[in-house]
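Paired with subunit B in one complex and with subunit C in the other, subunit A is shared by the two complexes that follow.
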Partner chain A sequence: MSNVKKFVFVNRKAPYGTIYALEALEVVLITAAFDQDVSLVFMDDGVYQLKRGQQTQAIENKNFSPVYRALEGYDVEKLYVEREALAARALTEDDLLVPVTVLSSAELGALIDSQDVVLSF
Partner chain B sequence: MLHIINKSPLERSALDSCLRTAGGGAILLIEDAVYAATRGHAAAARIEEALARFAVYALTPDLAARGVADRLIDGVTPVDYGGFVELVAEHPASHSWL
Partner chain C sequence: MKFGILVNEGPYQHQASDTAYQFCKAVLAKGWQVQRVFFYHDGVNNATKLTEPPQDDRNIVQRWSRLAEEHDIDLVVCVAAALRRGIREDNLAPGFRISGLGQLVESGIQADRLVVFGD
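For the complex of A and B:
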């Protein structure tokens, strides 16, 4: 019985200014628990979710960035980052806390087009 | 892919991000995003350019509510709620941009 769909989660928000990034992670983990094919896209301010060295004690928020490193344990290994979004924020792949695939805007668009379900956060 | 956008392009980047990444398909403008498809708007040129790659629709009730139904750009197709449902049904997937 194959009921596997391709889900892509499009992350476009920075991590602590709104609840979207954390909520996306929750849904990603739920989707993975149902053995679905999960991909994560990080574009616009969403790339800040993967920035190394987040220290949230002083803003009294939970630092959920280690969860991105744990995704591998849930078979969530397809993380895609928009090259233009990194460049616009003076970030490189070395600034990110997990291994990712860096794609151009057009490549990212094609990837999203190939999915069965698109959820935006 | 049906791209659904609901935020003003002068307040949020959803429209620009959609146009930058997606190669084609359909775009449905609803709520505050309908302003993008009005003549003379700062985003109007981008919508006109997008018409070469996308079928672009705008939700009539949202245009009317904002008093801009008479300013819809040529080439953008007005749709009512029934049309909205048909668009969702005829595309294999929808992407509601936040």
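For the complex of A and C:
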């Protein structure tokens, strides 16, 4: 597979409650394994996916948040978070478990527009 | 124009599979190509031949099978998502095959447009 496309994954849902975030992460890892240009966007409740200090014992779900920290090892380093979504949830960049770039929703719109493949979960 | 399709929701519970099907029909009617339909998340439930809707309702699973047969469309179910939900070779409807997420990434690379149907 010689051609490289720009893939953006738009994560909109909370990490637990539904399986979207966990299964989206599986697609991200496979896409990186295909040596594609991968970006991740976190907006709406999706910003909770990156929240520090997740504890899932009480709901008997696997805490998969360490995977976001491991993404760097797969050359997935472009993580974008919606400023408005953070503010609406009283979160700041310091609450997140990985380094990210915070963008306004208008800036995110332009970023998503610049990609070849948009996968929304 | 070559379209890749991703279906992320199960049949009947959600409109996504119906809309994806109608979209595929419209693509084919235009003389364009559906390169692959990939089923992920609860979308894998579109692939079970055990589905038995009431007589007066559409049969979503059979509809996909028929579309695959008539237009030689590749219907791919994600193996990890499928096994998690009890979808396996022995209850797979005609026209579907089980494979890996690489098939979805390949769709993104090969198709001119990858269109996602989900929540």
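In the analysis below, the second predicted complex is superposed on the first by the 119 of 121 C-alpha atoms of A that agree within 3 Å, B and C clash if a C-alpha of one lies under 4 Å from a C-alpha of the other, contacts with A are read in each partner's own complex, and residues count from 1 in each chain.
Criterion: a contact is a pair of C-beta atoms (placed from the backbone, for glycine too) under 8 Å apart; a residue touches a chain by one contact, two chains touch by 3 or more.
Since the structure is predicted, the reported quantities are computational estimates derived from the model, not experimental observations.
Contact with subunit C, but none with subunit B, is seen for A:F7 once the two complexes are overlaid on the shared chain. In the superposition on chain A, A:D44 makes contact with subunit B only, while subunit C stays out of contact range.
In the superposition on chain A, A:V118 contacts both subunit B and subunit C.
In the superposition on chain A, contact of A:Q36 is made with subunit C only, not with subunit B.
Once the two complexes are laid over each other on the shared chain, residue contacts for A:E84 go to subunit B alone; subunit C is not touched.
Of the two partner chains placed around the shared chain by superposition, subunit B is the only one that A:L108 touches, whereas subunit C remains out of contact. When the two structures are aligned on the shared chain, A:Q57 is found in touch with neither subunit B nor subunit C.
Shared contact residues of subunit A with subunit B and subunit C: 20, 116-118, 120-121. On the subunit A side of its complex with subunit B, the touching residues are 10, 12-13, 20, 43-44, 82, 84, 105-106, 108-110, 112-113, 115-118, 120-121. Of all residues in subunit A, those touching subunit C in their complex are 1, 3, 5, 7, 19-20, 23, 26-27, 30-31, 33-34, 36, 116-121. Looking at the complex, you find that subunit C touches subunit A at residues 6, 8, 40-41, 80-81, 100-102, 104-106, 108-109, 114, 116, 118-119. If you check the complex, the residues on subunit B that touch subunit A are 1, 13-14, 17, 20-23, 25, 92-98.
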